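Chain naming follows the written order as A, B, C, D and E, and within any one chain the residues start at number 1.
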Amino acid sequence: MSEGALPKEDAVLRVDDLQKSFGGLAATDHATFAVERGTITGLIGPNGAGKSTLFNLISGFYEPDGGTVEVNGTDVTGLEPYEVADHGLIRTFQTPRKLEGMTVREAMLVGPRNQPGESFVKLFATPGAVAESESTNLAEAERILEEFEIDHLAAQPATDISGGQMKLVELARAMLAEPEVLLLDEPVAGVNPTLAKKLKDQIRRLNEQGTTFLLIEHDMEFVMDLADPIVVLDQGSVLTEGTPEGVRSDDRVIDAYLGGGT
Amino acid sequence: MTVLGYLANGLVFSSIIVLGSIGLSLVYSIADFANFAHGDTMTVGAYAALVTFGAVGGLGGAVLGLPYGFFLALVVGIAVAAVVAVGTEKLVYEPLDIDSIGLLITSIGIAFIYRAVIQIRFGSDFTRYGIQPLRPIEALVPYGVRVTLHDVAIVGSAVVLVAGLHVLLQYTDLGRKMRAMADNPDLARVSGIRTKRVKLWTWVIGAGLAGAGGVFLGLFNQLSPRMGFNLLLVIFAAVILGGIGSVYGAMAGGFLIGMINQLTPFFSGVVDSLPIWPGWLNAALESLVSIEYANAIAFVIMVAVLLVRPNGIAGEGAT
Amino acid sequence: MSDDTTRPAGAADGTDGVDPVLSLSNVDSGYGEVQVLDDCSIRLDPGEIVCLVGPNGAGKSTVLKTAFGMLTPWTGTVEYHGRDIGGMAPEEIVREGIGYVPQTDNVFGSLTIDENLRMGGVARDGGLDEVIETLYDRFPIIDRKRTAKARTLSGGQRQVLAFARALVMEPDVLLIDEPSAGLAPNTADEVFEDVREVNDMDTAILMVEQNVTKGLGISDRGYVLDQGTVRFEGTPEELLNDEEVSQLYLGG
Amino acid sequence: LSTTDDGEDGSDGSDGSDGSDGSDGSDGEDGSDGEDGSDGGDAGPYEIGMVDSLTGSLSAFGERNQRGVELALQRVNDVGINGRELDLIVEDSESENQGGIAAAQKLVNQDGVPFLIGAVGSGVSLAIYESVVQDTDVVQLSQNSTGLDLTNFPGLLRMSPSGRSQSLALADIIADDGYDEVAITYVNNDYGQSLTDAFVNAWDGDIAYNNPHDQEQQSYSSVVSEMNSSGADAWLFITYQAEFATMVNEVYSSGYEAQFYGADSVSGDNVIENTPEGSMEGMKIVVPSAPVEEENYQAFADAFESEYGQQPTSWAAYAYDCVINAALAVQAADEFTGSALQDTVRRVSGPDGEEVTSFEAASQILADGGGPDDVDYQGVSGPIDFDENGDPVGFLQVLEVQDHDYEGIDFVEG
Amino acid sequence: MSLLSDPEAAIADLSRPEKWVLGVSAAFALFLLAALLTGALGPTYFLFLVGLAGMYALLSFGLNAQWGYTGLINFSVAAFFGIGAYGSALMTADSSPIAGGFNPLVGLVVALVLAFVLALLIGIPTLRLRADYLAIASLGLAEVVRLIVLNERWLTNGSAGVRGIPSFFEGWPVLSTFPETMPGLRLVVIPGSPILLETSFWRASLNVLLVLAFAGATFLVLRRAHQSPWGRVLRTIRSDEDLARALGKNTYSFKMQSFVLGSLIMALAGVFYTHLNLYVGPGDLDPITTFYAWVAVILGGSGSNRGALFGGIVIVTIREGTRFLNDVALPIDPAPLRLLLIGVVIVAVMRYRPQGILPPQRELIWPSAVDDAGSDPPASGVREQKGGGDDE
């Protein structure tokens, strides 16, 4: 069952024998794999295979029925999401989260972690530091929005944008958090191909700067181009793991996932 | 009084609460706001029945110690409450373009208006239906149960109404449409559900039941312009306890709250007789579990229940 | 702006003399005071599959919402079989024979799969059970979860359910917003296959897709929308082979 | 702009009937201001204020008050005061402190009334006194408050006698009837609490049950069943009519039997109308009253009956007397100011002077050149005669329910 | 409403609803001024109303910090208000059954500490759970607190209430005797209707001073806190708590901070109330206060500090202004009529208020950062800076 779990030298994220069931359904079934530092690891699998569930388990949103999650060598199993995030792991959501009553710009600025201005005391004790970090964050936010070609939306209410734009905001915000590991749940579903291409470059660039990615995506062109290795999940457990070419030509993967068309 | 007796009293009182809480819950889930005018809708029903009963009086024979005229008045009370609610929806709520908390505030205004109109028309003093109160049913007294035929009629009618609602929700499409609307009104329209119509039906049912609750409350106790409003907090507690937006939850919650409310003396008896060890704790408990804290006890129990069943007793409500 | 291989926007020159089933003519539309569509004209002929493509925020979803009465056109007309339906309420449009699958929030989370499908058929006169059984046969992915609440479905499963829900009415025209978003490649293929099949049963389909290759692949015609205006219109081959279009919009 | 030195030094003209002379000089100015403010020359009406429970939990009492007020205003304005009318500005307390204080603030500081009738609940009356009236020379006369605490505030007058005398009387009556054990339930507010405390002090026997109940509950069946379980045969109710009527009905339909006793506020036509025949038979209630057979009460009752089609309640009578007493105070005073009224309000109904039973008669004496001490207005609710604490001399009547109606069986002097 | 240096530009900069509100407010202020000058409105009474408005503004500030910022549904506004009122009253009043006679400042501190403890007691078990827990628990809490105050006579005097409360400035130098030492003034603006300013007027002015100090300080603190990353996290929680958690925010701690902050402000309103009315009773814990605080916050626009202030004023206008409508002689019973009017006004405001009366749609970004970054500041984001802070 864990045949894909090759020993990793420097795993930034390690999932070991993770289990989670809903009612009778084992959404995650003894899943074991590791994400090596510096990689862009793809996570693919049929609809309902348990990919998003796995994200929820890793990031602390679900409490696993069994197994462990390690981030940077620390056991984070059962921690609160914010504690997991403190260890440098940030995730995005498959269905974009709408921030009612906020502009896109504000919604972006929630991203950076440990802002001095998030402490009530510091607001009054060291307003200078707050202002400074706020300026930096603001500039950074505007820069990323520009790169994502949505800077014109900055002052728009975050709920009044198109479906694809929401996905972009979600991704851009996660980047602002400057995580060590970024878990992306279908970042380009619904994103225009031309823009998706640019995002690909973005991710690659961030990766070169040291961010590790774990990426769920059904757009084969996108994953196969970007990710190496690729983990294939089926019915809650790891079906196989390998290079894009290897996975692409694996019969079981073609059967369960890719289908004849690709 | 025996436990059985307290339970019987609780049953009667719960029947009224249940009628109120179902409507509140329905409106909450379909029209998407906590209707603070719901208690006063009960009052509207009660007074409409008062007028009708005054006009027709002890028409014909009697069932369960209640003249036929009373049942006619009950029907009119239900109808008037429904009509008033539908009118309010059409005139006030529908044209509004605000979120649910805005609707909530509006409903506070509506509640004031209902109450004021009733007070202008009927004065603020209390009154009763001109029906001779009954003595307890002799056969039950030896068991410590002291209920009258009227109480039986209240419970019976409530059961009939609740059963009718159950059939309506379960065996007609309306119930499903209501749930669909509660879930996602836009998608409901996209699916072809005529949401305005469903909403009107919701008001008819919810307010109708409230009207019935009001009439029974008048029979059980008395009528005054503040009667429904005074019950509102308890009804809210029942709805929350049952799981907001769940009709069956509201039934269960109403039942439980009504029971707890009537059982306080029993609880205090239990506390008195328990050998609670640190003396001060015993004393504190004895003074706290007493009749003046009846409502507080109901709330504490409600919170305790919720800690065990976080989504209300009915499980998941429509969120 | 346009070149030889593609016809310029709005030049709907009475394609083969057939009357369109659904047409938007010179429509302006938007949300509140924000204009999104700007003089937008789109037609759907009987039996066609038409694919709308374009950047995020171009107004593709807005076209569908305007056609389906979720938004009222500010100017211009929406015609269905030659009748103006602009501004008619969605619940009535469903009864006219148009179906719609929204892009987001497209299932009733607190209802079971079965109830979701039943809700899709509230405007039907009869034969509901049969249709639903057929749909279960066609989409085993949801057949397995009939009594599960829709909110527990995975993203892809939801998409399938939403599609099936719209089919319960056996509509004449189907508007679909990004049917393949979030679907596994094989499931996406199946859905496109289904779209084809539904189309074979004489349902005209207007579809928004970001998976341009596959989307255009099954379509008869395509429109490229940008900033609320139709920039290009043509057959899939024409659009895919056009350098500019492909570069700017199709990620080629 | 000019500086006035208004006589704060007249501290309170309330502790004696003669303590106001010192402040006359400066108040002359106030007097004319008051009139200017109330948009009238000499022909304009005298404006006084009233805080009443028109809405909220005591609104039924407010309604009863208003009937008495209306009748009294008719009486007064049929005759007139120095050729002018009396105008009563009524503000709603919503039966709450906050509302009551706001109402009084408006009346005193906005409308500038020198005479304030108010309020119903003892708590609200005191709240108004402490936060609005205390440091001014405005006269406050509460129409309905029977709470014992008011006695400690001599500046706060009231028309209804302190509940203490009722409590003492009740203790005597119950003991005389041969009971040595009693179950008490009282409404959980200042009124219920203080009357019960006084009763408990005066009562030598056992108390089997003594618990408060909240107002406006939809069911009191647990209360009555606990009273029943307590084993006492004498049950004392210190509560309001609506609550009491509910309890009687619940006692009746539970089949309990006991001898009932009650304080004044459980009596009323509405209780009789809304309880079954025989359910309260033999109940004894102590109510403050003027001796009922007296002609002025009869005249009042007849007028009330013909106006409203029902017997007056004591609350209507109190409010009636408040207005008449105020009107007489206004007529007897040299000027329309608080300090002048402080002086006359006690004297026109005080024991000195000729006993009269109507406004018309009293007004006549004053018009004929009589001073405030030449008149002793006898109210329809009693002889009034405020004592040094601002409480009236109460006459109590003992009522017994016979054939489902109240019959006076005895008088007790307060 | 001073719009500082450049009024014209500032006005031009306002959004439509803001102009509307500004216009109406200005007209209302003029009306009040005229009424005051002509003697139609008694100055002492007016100051009392201002005090009340300040009190409601404080309550709505408090609720706004909970509901408006974070989406915490608190149905026990009256309880925190009551705790503040009783806390101070029991420490200072001479009739207090437990302590009494302390300086009102001690009362203030005790009241705040009590509110703090109570907020923790209810927050700790409920804030970790689903959102409506707080709604339920607070609904119950309000009732429990009210009943305890009503029934525990050894602690609170029970239904008799606490009286003999000194004014807030009792024992302060100068201020404690200020009202008595001020001469009575007589202003004649319109001949024949002089305006009298006497002791009660000066006493009322002190109260207004106090409430302005309370509300002003609260406003400043809230404004800084709200327009900051802190406030932004709260708004994120309000909209989607999961998202905030995913981004590494300790939402439990943030919710607790917001809850405690709001509760303290409500208690502050209670402290003011105590020294305004000099009497507190169990009736002051009536849920109606919670009602009105909610109405104020919603009318003003949830999440907006200026809105909360505005809401407080509107409530007083609705509640006390309707008293004047009784002066119009009508053939019906005036009392329920006022209730009716309050109802109609509430409905009408909800119906006809221009969308987003003082909308909360302020960008929650540290103001100076917007300038520093040199990015084009969104019109709405900085506006609060320019005009908003100075609404009276």
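Everything below uses one rule, namely that a residue touches a chain if its C-beta (ideal position, glycine included) is under 8 Å from a C-beta of that chain, and two chains touch if they have at least 3 such contacts.
Computed from a prediction, not measured in an experiment: that's the story for all the values here.
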Contacts shared by chain B with chain D include exactly E
Look at the interfaces A-E and B-C and say which one is made up of more C-beta pairs in contact.
A-E
Per Cα centroids, the chain farthest from chain E
C
How far is the middle of chain A from the middle of chain E, if each middle is the mean of its Cα atoms, in Å?
44
So how far apart, in whole Å, are chain B and chain C when each is placed at the average of its C-alpha atoms?
46
Whole-Å distance, C-alpha centre of chain C to that of chain D, is 76
Distance-wise, how many Å sit between the C-alpha centres of chain B and chain E, to the nearest whole number?
34
Would you pick out the residues of chain B that each touch at least 2 other chains?
119, 124, 225, 292, 295
Where in chain D do residues touch two or more other chains at once?
55, 59, 62, 188, 212
Multi-partner residues of chain E (at least 2 other chains):
150-151, 333, 335-336, 339
Chain contact topology under the given definition, line, ring, star, complete or other?
other
Run through the chains and report each pair that touches.
A-C, A-E, B-C, B-D, B-E, D-E
Please give the residue numbers of chain D that touch chain B in the complex, ascending.
55, 57, 59-60, 62-64, 188, 211-214, 216-219, 221-223, 225-226, 228-229, 241-242, 245-246, 249, 252-255, 270, 273-276, 279
Can you list the chain B residues touching chain E in their complex?
92, 95-98, 101-102, 104-106, 108-113, 115-117, 119-120, 124, 225, 233, 236-237, 240-241, 244, 292-293, 295-296, 299-300, 302-303, 306-307, 310-311
Going by the contact rule set out above, which residues of chain E touch chain A in the complex?
221, 224-225, 228-230, 232-233, 235-236, 238-240, 242-251, 257, 261, 303, 360-361, 363-366, 368-370, 372-373, 375, 378-381
Spell out the part of chain E that touches chain B in their complex, as residue ranges.
125, 129-130, 132-133, 135-137, 139-141, 143-144, 147, 150-151, 287, 291, 294-295, 298-299, 302, 332-333, 335-337, 339-340, 342-347, 350-351, 355
Enumerate the contact residues on chain C facing chain B in the complex.
68, 70, 89-91, 94-95, 100, 102, 105-111, 115, 118-120, 122-123, 165, 169
